[in-house]
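The structures considered in this document are given below.
Two complexes follow with subunit A in common, the first pairing it with subunit B and the second with subunit C.
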Partner chain A sequence: MAIESEVLVIGGGLGGLTSALAAAREGADVRLVSYKQSTLRQASGLVDVLGYTPDGDGPLTDPYEAIPTLPAEHPYRKVGVQTVRDALSLFDDAVPTYEGDHTDANALLPTHGGSIKPTARYPAGASAGLASDTRDTLLVGIEEMVDFDAPHVAAHLDATGVPFDVRGETIRFPGDLRADAKVTRYAKLLDTNSEVAVRGRMVPAREALAQRVNPLLEDEQRVGFPAILGDDNPGAIRDALSDHLGVDVFEVPMGPPSLPGLRLEDALFAALDEAGASIETGNPVVDFEGEDRIEKVFIEKNGARIPNSADQYVLATGGFVGKGVESDREGVYEPVFDCHVPHAADRYDWFEGELFGDHEFARYGVATDDDLRPLDASDDREFENLRAAGSVLGGYDFAAEKSGSGVSIATGYAAGQRAAQEAR
Partner chain B sequence: MSDAETPPDFDPVAPNTGEEFEPVDVFPDSDDFDLRPGADSCYKCSTCDTNCPVAEVDDDFPGPKFQGPEQWRLKQSDDDHEIDDSVMDCSNCMRCDNACPSGVPLSQMHNTARGEYVSEQMDKLSVEYIRNRILANYRTSAFLASKVPRLANFAMNFGPARWVMEKTMGITSERDFPAFAKQTFRDWWADRGGQAQSRENARAARRRRGLPEDADKKVAYFHGCYSNYNTPEVGKAMVRVYEEFGYEVVAPEQKCSGTPMFANGMLDDARRHAETNVSSMSELVDEGYHAIASCTSCSMALRQEYPELFDIDGIDKVAENTFEAVEYLRIHEDLKGEVQAADVDGDLAEEFAYHAPCHSRNQGLDRQAVELFRDLDGAEVEDVGDSCSGISGTYGWKEEKYEKSMEIGEEMFEHMEHAEGETGMTECPTCAMQMEHGSGYEIRHPLELLEAALVE
Partner chain C sequence: MGPTPHIAVIGGGSTGAGIARDLAMRGLDVTLVEQGNLTHGTTGRMHGLLHSGGRYAVSDQASATECIEENRVLRDIASHCVEMTGGLFVKRPEDSEEYFQKKLSGCEECGIPAEVVSGEEARAMEPHLAKDIDKAISVPDGAIDPFRLVVANAASAQEHGARIETHSKVTDLLVESGEVVGIEVEHDSGPGKRVHGTEGGTEQIRADYVVNATGAWAGRIGDMAGLDIEVRPSKGVMTIMNIRQVDTVINRCRPKGDADIVVPHETTAILGTTDEEVEDPEDYPEEQWEVDMMIDTLSELIPMLDEARTIRSFWGVRPLYEPPDVGSDDPTDITRDFFLLDHDERDDLPGMTSIVGGKFTTYRMMGEQIADHVCGKFGIDADCRTADVPLPGSEDFSVLRDYMDEFGLRSPIGRRSVERLGSRADEVLNTDGPNPTVCECEGVTRAEIQDAIEGSGSDLNAVRIRTRASMGNCQGGFCSHRMASELHSEYDEPVVREAWDELLQERWKGQRHALWGEQLSQAALNYALHATTQNRDQDPADGDPVDFSAFDSGRGQTGGSVDSADVAADGGTNGY
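And now, the complex of A and B:
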């Protein structure tokens, strides 16, 4: 016997989760299997659709307008503008704590590096921080968190010409935390509002934090913290801090490890559970059986190979970081189904001499037809019942275009929905 | 513990392994573990740190990234580097293991560092060492206590004795010791007629199901200490469910899986037990048996920790052929279909608040019970969230860890309270202890519900 489903999604990142959700909402019996935790825990949690063109033009005001001008092999061109919109609607519905769906225009958000980033959807926690908002801003850094140097970030933001005054101050987080406390430690303290010792007195954490910031506040109308304000109850924590401070409070998205990414992951898994899908994480898919069609795949568990079979499969194993695409001295390959990955034969053509140059490898990934089915070297479908989604796809450079999450959501949605329709 | 009530050979104040203990070098041949490739693949993304339940509440715990790749490097680059004692604060929940996108073997690194710390740096006469050793060797205490269950149940929870245990040994007096069963699983099994009876039952079930009577369906049950001494009803459910599907069950000779020993750095103790377990299981595997465990920490130990830590003949073979009890049926039978067609009434027609143990999560089984029982008429299983229960085996029994353990568990307690049901469910005996302790609920094992649904 094998563990059976109609649609089997391989990979539990943004691509796989959206795929499974789309398929489940289409009514299919869906199973999602994923090896390790996805790159969401490292990503900012912002959902970028398209911030710059592949030629570096931007920041773009309307990403949808720019999609038809992208190169033909770009994943957005394969699925089309309408699908990108539909996919984001699914996302908006599944993750109600995100904002940005009131407009087609990109929002401009301050980053923890002090730059401004065009993005399509952002967590509610970041919304009081929009760079287009003209309210003066105080940024508060935590002494122990070297990734967010508030005065430095403020100076950078100021230099980008934001339409407000911005200042940075650094505080010690209340309580006696170790110098390299984890972001989850701060979040937990604020979530539970546990008491911390401040000058010999025990004070609830939210209040204690506000007390540290209060004397620093001049006439700014909003205060930004690095994204550490809770894991389970971020809204309640922001409200409490706002009350204590008398101004709006927001979070600046941070680099890895990222609480907003973690919260987004939780929200998507919860939506998937709600939609009735089965989920298994912790073990990799290592092999498959089948010629033109995939009959079954094998999940490896400590040496045992567990067969899983389905009618339709979605490959959403990620790019180089997620280990969905790998390379060795011989070449670049996709390790699960050995799908063809187009790439330059000479390794020296994979990258440029410059660190931030236009590297080819950034666009490496499987090539597909318009139905997202991977193609082999002679442009024939690798398998009848396999589609690919997310950063395992080639033809785009998410870091340069600021399109990572958007491509994963759009292609995940398309692959999941079509797989479900075909499985019926 | 008061002398008057103490069974003569049950003395919790001295190491109670029943065997002489010589502290030995755990890794005489330290080349055994070249963890360098693992350490090298760490790219410091800190995903592991976001999973650590201890780092979330303990201001002094530096987290898995430090305990794993960083500590390992420090040790390699500097011969005099002493292992940081914070490694003893890791509860061995193994959540970090499951997290790393780069496949760094974090728990293996923690386990080896802890073993080395205990064997080379820890004072063997310290109260902490002795206490840890007693907690880790639960099987020995349980074995003795099960000889006089009523007396032991009384003595172990006798107030003044508990006060002394906390003061002199650092075993928290906040908790109730688990009750010992009047009849152990193994005694029940023997009384019932052992393997011969199981063969007969399996054959009868095959006839009922229209399967060939001599079908090759046989499993070796690794019941572990807990279902033997404390919750034999779980073991009985496992046997009855398997026989219902036509499997012949054997209950081979076995010792502790070693889980509490790994967590306390007692690798030498663990190895001795592992040798017995691997030897009896590997013989059976050769005869076509699969090893089945009802405790997720036991299956975790046999599947992952053994091959990561020990080099014993047959160890990989045993790992490959070990399964969790419900998982195995999901793979080999149409369990989903049978559950969908079944219903429960009576005692187990309940709403359950289900908690997935960390060690089941690590085997990809954290969703199994919820998904399996989704369509079962008469019972409802609700997941109470993905937090750690906080007890992590022996961790929550230590006086200095008790508060942290409860703080970690807080989220689970809250979710249990909000859940519809007032009965808990989990696969892990110590998680069950913590759930019961924090909520007052009675806790059942998924196998018990399965038995109620599928067995006449």
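And now, the complex of A and C:
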């Protein structure tokens, strides 16, 4: 006897979580299974919709305007502009700590290397750092943290032409953390606001941090830190620092492990839980049964194969990074259902000689019909009841376009909603 | 004796650096010029085998004897560059017993300690060897870091007064009255340490004697004075695995052939190689079949290689030379011996000698003979001391004690730093500020990066070869921006950005040959981190000006978008 649900979503990243949420809100009985930690911990936590066209035009002010001009195989073209908007509304509703929904215009956010990038939604913690905001800015780096060198970031930001003055200063983080402490250690110390010794006196960590920054502040109206300001209580930490410093405080998104990415993952899991979906993490889907329709999938758990059956399935296992698409010396494949992944026969055609060249591998993934159902080599549906969402989809280069989160949310939304409607 | 002769040495590989050190230690005035980084040509593109001589024990016993002698010398003077892994010549059932016996007796004849071990014993040493390996000969092969070795030789030369110029390409030989009197160089970014974005210039360096130690490029230099130096460049591929499948050098015991060696190297293992003549040492095809052959053929010795992760491949060119009257068709037939071409004797052009052919393991011996030759020209009677005086970093290798507590470094990072730095560990790691890890794959800390920057300017590839930072699994995906930031205290932002781009591109170059499986996943992640998270592919600092006012400047902030966009027309579901 299999574990049954109406909609089974495979994958716990942005695409899978949005699929499951959309399906659950549509009233379906939803189950989400995911294996490893999602790639959200490696992502900045920003929600990009479309920053550049495939030809490299941009940064785009209005991402929605450009969508109809994208190539026909692009996932946005399969779902259409209105679905992208509807999907973002679902996201805005599910994750109220994000901003950017007051305008269709993209925002420009500073990156931890000092460049700026266009994005559509950003965590509240990053909102005071927008590059179009003209307030002068102080960036504060931590001496022990090699991922964010504030003077270097400030100089690089200045070179991008930002409309404000920006300066970087480096401090010792209070509390004697090890030189190679993980970002979560910094976050934890601020979350708990534990007392730390400052010149022989015990001071709560948030206050101690502000004390280190205060003397460095000149006439800047905002202060940016690397994204380490708490895991559980980021809002409270920012408020406390703002109070102590008398200016707005923001975080600059960082590379992995990314606290904003982890916070976003937590927020979406919470929303999904609230919507009543079943969630199972930590176990892989290893096999399935079915010919034209998927009858059941098998989840490996402590060596046992647990059958799970559903009416409709959503494949949201990610791309090369999330291992939803894999490769060997002979070719590229999708490992769960062995869906067809179009790719060049010669692996030396998968990439270009330049680091940021027009790499084919960046667009590899399953091809689908307009209903997001994966297609085989003859353009027939692989399975009647399987849809795909997120980075497992081919036909777009999310890194070059800055469209990763937007495609995951839009296709996740469409796949989840349609799966639920069909299951009912 | 008159004034000190000034010798210009062209070529910053092992040979050139070895010659420069030797001459400088004998009191001569030396300038070494190198067109790229130290090790740029052949030395930086090899598998880093410290030969026991076993490889040549049948085909070329003179070379084999030299190898074992120099093997012993380098263990003494360059202990911080050497890992004595030991080596095995393994015999598969289809390989000839006769050759195995020849190899064994050849080793004995050349004074190479060699011992036969059974298949079981070999597998006890190296559990991943194929089950059907018959037996093996154990020899004292080792691994040596060619980058560290050359840098140490150059540093020693510098300590003895030599001038070292990298990124300085020789554009002409100065010939006056039928004699070579110097060189003309084009400095990529001005003389001294390389700084990106600095305008270079041409410099004439007059010298009493010129030594052409440019290996596969020797013919190019010769052309500048109308000399005919017939170097036959031969390419070989090397494929780097992400872990050490073996801890011993594994050679296949058969006469000659492609893909017959695996050298464990730091955290990696290097598979090699091929031997194929090419026209141009800088421009030759790098092909998929060569990589595939490394994996497929060496899997016969170590089956797990077939499924293992490779992180990149690179090609090197051997500077093979054969005297004009021999005429071999096959590059594998050409001797690995070296030749000293005195252009006065050979071509009636005094003032220059070229050195061609030779092997990395015997670089010091070559240096000694060239230095003897040069000193002879000037009637200088000075002893060679390079076999006795340790290189900087290897003066007192007893310092390889546990530095972890002393420098607050966790294992294995502390241990690895000290292994790399040898006796320089104290000097480099003893810093005032915190010393966090910059490159996690290779365990390289800020102090080591800063020390390398001090030695090499803004060139992050030079920092890389001095420290190994960005040479591990992630191939710079996680650390290249951190390395760039370490430049910032001393260099301006545009200089840093250019150095950063150059490192990223260099790391990509070799990785392209490993783009399947895990490494393709890694490449996709690196691409996402640089392009998505950092927007480095469309960095506005490198591009057109951005109209900031057209973008979102935040809810409630005065600024372009609030005026131009329809504020919260969708109802502003978030609230604030």
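Quick note on the criterion: the second predicted complex is superposed on the first by the 423 of 424 C-alpha atoms of A that agree within 3 Å, B and C clash if a C-alpha of one lies under 4 Å from a C-alpha of the other, contacts with A are read in each partner's own complex, and residues count from 1 in each chain.
Please note the rule applied: a contact is a pair of C-beta atoms (placed from the backbone, for glycine too) under 8 Å apart; a residue touches a chain by one contact, two chains touch by 3 or more.
Values in this document were obtained by computation on a predicted structure and should not be read as measured data.
When the two structures are aligned on the shared chain, A:323 is found in touch with subunit B and with subunit C.
Considering which of subunit B and subunit C touches more of subunit A, the answer is C. Once the two complexes are laid over each other on the shared chain, residue contacts for A:224 go to neither subunit B nor subunit C. Of the two partner chains, neither subunit B nor subunit C is touched by A:11. Residue contacts after overlaying the shared chain place A:416 against neither subunit B nor subunit C. Within the superposed three-chain model, A:117 lies in touch with subunit C and out of touch with subunit B [touch as defined at top]. Using the contact criterion defined above for the overlaid structures, shared-chain residue A:350 touches subunit C, although it does not reach subunit B. In the superposed model, A:63 lies in contact with neither subunit B nor subunit C.
In the superposition on the C-alpha atoms of chain A, the part of subunit A touched by subunit B in one complex and by subunit C in the other spans residues 42, 178, 180, 256, 321, 323. Subunit C contributes residues 288, 292, 295, 408, 410, 433-438, 446, 478, 481-482, 484-486, 488-489, 492-494, 496-497, 504-505, 508-509, 512, 515-517, 520-521, 523-525, 527-541, 545-546, 548-555, 557-562, 564-568, 570, 572-575 to its touches with subunit A in the complex. Only residues 1-3, 33, 36-39, 41-42, 175-178, 180-185, 187-188, 192, 194, 232, 256-257, 259, 262, 273, 276, 278-283, 299, 301-304, 306-307, 321-323 of subunit A touch subunit B when the two sit together in their complex. Against subunit A, in their complex, subunit B makes its touches with residues 45-47, 49-52, 55-57, 59-60, 62-63, 98-101, 103, 303-304, 307, 316, 319-323, 330-334, 361-364, 366-367, 371, 374, 383, 407, 410-411.
Contacts from subunit A toward subunit C in the complex involve residues 42-44, 48, 51-52, 56, 58-59, 61, 89, 92-93, 96, 98-108, 111-118, 127-128, 130-135, 143-147, 149, 151-152, 155-156, 158-163, 172, 178-180, 253, 255-256, 319-321, 323, 326-329, 346-348, 350-351, 353-356, 359, 361-362, 398-400, 402, 404.
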